[in-house]
Every structure is written in C-alpha cells, then in structure tokens.
C-alpha cells in the first residue's frame, strides 16, 4: 500500500449509461490484480486548501489494466469527470480474488450493485478459456451490458432472485463471485446463500464468495470500521477482502 | 433584489495576472450600475446535492455591462473557472455610486484590494470626459493595469501611502473613491483619511468615499453582520453600501 | 395542514407548515421579499430583540469555515419599543404568524417586555433566548416570568446546557422548546491574525443537535413540542428532525447561502411538491429557481422522500 | 525539539514533535507503514484497548456527512493482554513513544490494566478514555486509580462534559488532559433508512473544541498540559490549538482522508519544512506527495506560518 498521484487521461463513453476513465497511474499499481481496488481522492487543480467534500476517498475497482501505468475505471455516465483531473491514489487495497486452479466455469452475480468489481477478471479468464455467466439481480438488472465481451452469457434474475436453468447454472459453476452493496450487503449475501441452498444440496467451502464494497474510512486496517465476523475469526474488508467465502461469513 | 440563474459564457485572459469572465445573466441585472454587486454561488453541473463548500456566496462587482444580458467580471488568472459553469446569482446588491453632477476629475484608490469594485465606472466616466487618476496602495501596487483604458493615469503610492504631486492630485479631484479590504478595512480607510487630512486643509462631506468589500453573510439586510456605525446612524454595507462618506463613517 | 407547535391550551400557536427561519437569519420582517415566498413558511421568527438598543459587535463579525461560518454580530437591534413601532404594520400584512425572539436578562426585563408585547396583536408568540452560560435558577426565573404573558412561549435553549435545562424549563412553563441555539466556538481571523469567538453554523452541527432532539424527546412530556434547529441544509435534514421527534424545524444559515432552500424545505414538509421536473427545461425544474406548480401530496412521511432532482433516465 | 507533554515529575513524557494521531485512527501499531513516516510524529496513540475483548458494533458503522463522517465501531479489540503480546515487538521497534489508549469501566479494571502495563516498557504512557455519560465521582475514581501507574497518565475527556470534568480530573492526578473525544451525534443511514448514533468527525468540530481548549487553559493549573484534539485538518488548525494554549495536538480522521496530512502537520509543527517547492516539478513540490528536503527552521510560532503551497508568481 502506498500513496501516489495519478490523473484522468481519457474519458470514453462505452454505452448509454456508462463511461470509462483511463487513469495514468504510478507504475507500482500495474501489479494490481482482479479484486484489488484503489482509494481515490480528487485533488484541486489549483492546490488551494484541501476541500473536505466529499470527505472520504472513493473506492474504485479497476476494470482493466491497459499498460504498466494505465488503469481503466468504469463510472456511470451521469457522474462528472474532466480529463486532466489530478488524483491522489492509495492502493492496492485488499487481496486478489483466489480462483481455482482448474477453473472452467464461473458464475458472477451483481446484486443491487454494478458488477464493476467483477469486470477486471473477464479478459484474463476468457483468455484461459473459462466460461463466464453473469447474473444481474435487483437494481443491477438495469445495468447496461452492451460493452462487455460477447462471450459472456448475461442473465437477468427474476424478482425472487431466481432464473431459468438456475439449478443447472449453479451445478455448472466451479466458483461464484457475488458483488453486493454498498448498503445491507450482508442481508443481500444472505439472500443469495438462501436461494443457492434451495437449489443445491450443499454450498461447499471455496465455492461461493461475497464481494463487499462498503465505503472504507481508512482502507489500511487501522480504524476497524470494516470489520466482519467470520466463523472463528474477524477479518477486515480493506485488508482481507473484498471477497469472503460465504460459508465462513456470519450473515446476520 | 432577486435570485436568478446565469452562466459563464466566455473566459478571456486580459493580462499576465487577470482574466475576465463574460456572464450570461437574467435581463433584470442589466440595470445594475457602478457600485452594485452580485452574490454568486456556483451550481454543481450535475445538480446532485448542494455542496456547502465554499459556504457563503462570493461578492462579485461587475466591471462592465456588455449587453442587456451580459456582465463582465474580473478575477485573478490563478482562480479556476470553466465556460458553461452555472451560477446562482442574487442581485443587485447595494446602491450605485453617487457622482457629483459636475464631475470633472475623479481620484480612485485601491488599497490592499484589487480595484475591481471601481472599474465599472471607467467607461461611462470617460465618455462624460471625466479625467480619472487611479492610485494603487499597499498590496494593490502589484495589480497589473495594462488592460485598463490608456486615458487613465495610474500612480503607485509609496510605502507611506503618499505619491509625488499628492497635494495637487487631492486638490484637483472633485471626488475620491477608495476600495479597501476585505480585512481591516476600517483601519485602512482611517489611514487614507489621515494622509488626506495631512495634505488638504479639510476633507469636506460628499468628497471622499470608502468602498467596502466585506464578505456578506446574507446580503439582504437580514443578518446585520455587515452593520457599520456612522455618525448619527447605523447602516448596512449590503443595503446602503458599498460606498460610505468617509466623514460620516466611524473609523475605529 | 394545521400543526400545533406549542403546548395545547388557551394560547397555542398553529402553523400550516412546520418550517420557519431561526432567529437572526431573516431580519425583523420582510428582508427576503422577492427571494422567498413567505406564504410557504409556517411562521416568521424575528431577529433577537432586547429591551434597550444593542450596538453591533466591534471587531470581526464573521469568519468563513470549512462548510460553515463563525458569526458574532452582537445582536444589534434598536430595542423592543422601536422594533414594535417600526415593524407592526409590516407584521400585520405578513401572510404568516410572527414569533418575536426576545433576549432579556432579568425578570424585570421579561415583565416589561411581557406587558408591552401583550398589547401587540401582530405578534403571535414569543421565543425567549437564553444566555449561553445561564444558571438553572436564573433560567427558571426568566421562563416563569415569561410564561405569564398572554402569548404562547417558545424557549430556545443554549447548545451545551440543553440536557440540563430542557426538563426543568419544560416544567416551568415553556410551551415549546427550540433545540438549540448555535454552539459557541473559536476560529482564527486570518486578516487580523487573532482567535475570535462566536457562534458556529454549518451542516456538521446537524448530527449533534439531532441527537439532542432524539434524546430529549424521550425525556420531556409529550405535550411540550420540540422544535428542531441546527444545521438544517436540505429537506432530508428537516425530515430527520421530524423523525427524531420534532414537531417543526427552524432553518438557520442555509438560507443565506441559498435563500430558496428555506422555501424548498417548507414546500417539502408542508406537503407541496416544489417543482414539476419531468421533461422540463433547466430553469423550470431546478427547485431553487424555477416556476413551480403546487400539487397537494400526502403528508410527508420520514421514509417517503420525493426525489426533487431530475430523473437520470431519459 | 523536546516538548514535555505531561506534568513534570518522576514520570513524564517528552516528544520531539507536538503532533500525534488520536486514538482509533492509526490502529494498534504500524498500519500506516509506507504511507506515513512515523519518525516525524511525536508519538503513536493506539486504538482503544479494553481489558476483555470487545466485538465490533453490529449495524451501521459509518455514515458520510457533509465534510465529515459519523462513526460507530464499537471499539473492537482483542483485549489488553492479547494486544500487548501481539504488538510489543512492533512497538519496541517504533521510532517514537507509544501511548496506549485504555478504556476501562471500573476501578478494578484500571488496577488490573495498571499492573499489566507497568511491566510493558514498550508503552511509554497511558491515555485513559472516559465514557460519554460518566458521572464525576466515577471519573475521579478511575483517574485516581490510573494515576497510581508508573507511567504518565493522559486523560481524554468526553466532549459535552469537558468543562465539568477537566478541573477536578486535573487535580485527581491526570498528567495531561486530551481535549476532547469526538462528540456524539445522530445521522440517517440512507441505505437502511434508520437514524443511527455515533461519533461525529470533520473540520467543523475544530472551532467547538478550540474554544474549549482556550477556556480551559485559563482554568486549569499551568503545570497540567492540555493536548488539543478535534477537527484538525491542516497545519494552521494545529497551530491554532497551540496558540489557544495546547502543548501538542492529536489529529483524527483527516489522516484517513489524506494520510500525508498528519505527517505534513507534524513536519510543520516539528520545525521541518515539508517540501522545497520553488521551481520544482509537480511531484516535487506538492507537500503531500513529493520527496522532501528537511531543512531546520526556527521553532514554529503561531504567527509565522510558512506557506506550503506553491508560489503563484513565476
């Protein structure tokens, strides 16, 4: 974890609702891997006094690494950014996702959250010939997917979080990563566990992971505001996360 | 006084240190006259929640009226503005300067302040064949004047606030307007009164005016934070100002 | 709507919108004419009025802070009788009740003010302001004396002493408690280089006072309404106070920064939609600027917050 | 520099820079490794430690506010003996003194903690945290018991009770007073739709606490140092506290938003120039980012504030 400066080099509209920001960043961030994030603060162009609005850093999950000093961020098109905007960047935050070695089929779930935290894995997994299915639940069903690679199967879940062929999809997947929140993320992961349990005989360890996106006060393990109760341990989203095995997470 | 929307239509660099902003404003502001000002708040492009930084409105004295819906503002070049920036504008604030009917010679003083509050009178006075001398005192001596009309005589005061031919200039002038502050404005007007009294036998009423530029909490006469003690009365900078006769203002 | 914002009884104050300005923010009468539609407010609370004239503070009056200001005006005013004489005509023509904010520092002064004000029918109620360092006994004496007036009595409590003062003053005859006056603080005047003391305003005051309202609502008898005041800068802020148990709110310095915000909050809590924004032009939908279309809607519930911003989807 | 930040005597704490983190902001040891140069700080104040382990709070922990946050962590920690065992090695290698923040709720607990801590030479001093609603008698008993430790005792006072508690606790054996803990407040969790209670942090807390420091400095005997803590977000904020009579300062949540700000404040008050900025490239002069050149300068005086920003004229 270190702090460095970066800036927005380019802004590209990728579809009706989303834009992507190319960030020029410190080279040390090029080793960042899917699952890891940045804590970003916009710096006033004039370097006048710090403005404390917004107060905390924003948690940005890169969706792509373009070059050794270039990361891509996805943001709603309605958010206002300017090329040249300077950024103070802390990172990398958290641990890379841990994929099975023999991963062939992966199920990604976005539930009341954009899938941004899950997108950086797409290119490398497709290269490894992994089949990817993405299920959009709750408000994530409004997520516009036209810019995602065509190889990915996109499914809109129903209101009860189920979809046709659900039993098959859950059996087919070697691993599941479900991005939720911010807000009521544990309840939402509980919902997902419940529907998975209804459709599968058991949910084994190292199979389904919740990906948490709570806003982080410190991001370095100091404030303990992001602490989670796991069976047998306490973990920090910022240090140990963002992904936690759903069988170990205490969901209530 | 009303509130209306405007925006920055154009930004022009006028010299090394200053830029001018052309503001497209509500037509009701075209009747604004020299001495009157605007209380301006930048509006977030996205109309997301109000941002309360900076908290109060900025006090802007236009330097020119270009057309019925176009005012010009002068700002330091280092301040950051963007064309298209939306503004919430309250105005007009305060009273127009009251010039003598037979005004021939006018002395303008800027002391630890840019002369921006005095610039809107330049064009109409020059048209009326009034001779204008402008004295820059204190930190105002750094004010870059190359963009001002060539007819104006510019004088840099010495550290003791005097200049050569000072007695003559003071006798020559029919009226004096001195812009000060923000910060210690009454002390600075006291300084100016002192040097004028030393150089002239008397300082008559309706001759020398202090132009105050304190930041205004409400700007409409409600909060009374801008109240001044005058001999025999109390006045508000926002309602009765910005110009006050130096012989009536209690300067300590 | 008809909301009783003081204790039920012979003299009680009913407003049609549970939103009003805090004392000191809107002047003595109609300074905000042309900027705020007074008709939409629940009441006008005047600037503080003292028996004798008070002079403006000398020295620094205002310091800008991060998202806030420090203010020390000295509460300048020409004294009660002049204020009444100069303003009663305007008050008579106001479309809303006038609450006079009274600063009095002795029982005698309160009595004097009381007999003067009982004659002034243009004043619907009195709000008594208390000094920050006041002792409980002195506060009790002032409130008991003021409660003898034939008008509803609101008492505005100092910030730091509000837990100690609120229960006994409610019992002593206050018809409503206003929680709270702005807290005192110190900041540097960068021009003068001095530390200066005054009252602190800004959005971050809200969570502090909101907690006081929530806690005191549970301690004070239900019949004494609480009016929440501190750091309100949005309709949601105001609704949070209602949710915490306040019957109405007072908006303070937000009005200076954005005058229409007071009206917007009043329209929101008053059950009016501020602006029809769908398919509207910029000037039409911006709730602080545009022409508005009044649509009756259901009484605001804390959970149902109408989205005043433009819809993102087109 | 050598600044004695606790009462002179057998056990007193001397720091080389009058700037440290507030309890709860920097973790138990070196969480900010790579982000902050600990060497530049005066001391490390640990997160709160209790005798028994405490669990994290359930429900909402954090709510973003306008220029600030509400936080309610529940002070999770594995308990005193585990903290000592796990951290004493790291503490031994820290370049600065370690002040352990102790939360104890009974005299017995304080005694138990005292005998444990007296054995831990890696802990240079203890800061005692007091509950917000504590009664004076309970506070006196805790401080008297804690003062028996063979280490300097700092006492961090609750915000709302600080005027009442500070004088008697100074007399009861506190070697320094830390003014104050963050005030409690209430805000709405917009996701959950509930009002949530917690501590309030942000720049607007500073003027409130600064006034407390200024007033209490005049009431409390000179030999008891006051450490200012509340809303410090810039070197000037810190110098204002020194100017108001504090011997040192603690920086709280500003560190989370901008970690280098803590170091920058420490460099400034510690008499180091943060960055040589003239004719420097962007990365060189930005005081929060660049490589720095340490230049001894005269001890900082409240009036002389070196301009850390780039010069505007070229």
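In this document, chain identifiers A, B, C and D correspond to the written order of the chains, with residue numbering beginning at 1 in each.
Note that contacts are C-beta pairs under 8 Å (C-beta built on N, C-alpha and C of every residue); 3 or more make two chains touch, one makes a residue touch a chain.
Predicted model only: the values in this text are computed from it and were never measured.
Engineer: In the touch network of chains, how many steps separate chain A from chain C on the shortest route?
Structural biologist: The fewest touching-chain steps linking chain A to chain C number 1.
Engineer: Let me check something: if the centre of a chain is the mean of its CA atoms, which chain is farthest from chain D?
Structural biologist: B
Engineer: If I rank A-D and B-D by number of C-beta contact pairs, which comes first?
Structural biologist: Spelling it out, more C-beta pairs touch across A-D than across the other pair.
Engineer: At what distance in angstrom does the C-alpha mean of chain B lie from that of chain A?
Structural biologist: One centre to the other, that is 53 Å.
Engineer: Just the number, please: Cα centre separation of chain B and chain C in whole Å.
Structural biologist: 34
Engineer: Go ahead and note the Å separation of the Cα centroids belonging to chain B and chain D.
Structural biologist: Inter-chain centre distance comes to 45 Å.
Engineer: Hey, what residues on chain B touch two or more of the other chains?
Structural biologist: 51-53, 78
Engineer: Tell me, which residues of chain D touch at least two other chains?
Structural biologist: If we look for residues of chain D contacting two or more partner chains, we find 65-68, 202-203, 233.
Engineer: How are the chains arranged in terms of who touches whom: line, ring, star, complete or other?
Structural biologist: Its topology is that of a complete graph.
Engineer: Using the touch definition from the top, list the residues of chain D that touch chain C in their complex.
Structural biologist: Touch residues, chain D against chain C: 65-68, 70, 160, 163, 183-188, 193, 195, 197, 200, 202-208, 210-211, 214, 233, 236, 240, 243-244, 303.
Engineer: Please output the residues of chain D touching chain B within their complex, sorted ascending.
Structural biologist: Per the touch definition, chain D meets chain B at residues 66-67, 312.
Engineer: Along chain A, where are the residues that touch chain D in the complex?
Structural biologist: 1-5, 41, 47-50, 52-57, 88, 90, 182-184, 214-215, 217-229, 234
Engineer: Taking the touch rule as given, give the residues of chain B at its contact with chain A in the complex, in rising order.
Structural biologist: Counting only chain B, the residues touching chain A are 45-46, 51-53, 78-80.
Engineer: Quick one: in the complex, what on chain D touches chain A?
Structural biologist: Listed in rising order, the residues are 24-27, 31-32, 34-35, 47, 55-56, 61-62, 64-69, 71, 73, 76-77, 190-192, 202-203, 233-234, 253, 255-261, 282-283, 286, 288-289, 309-310.
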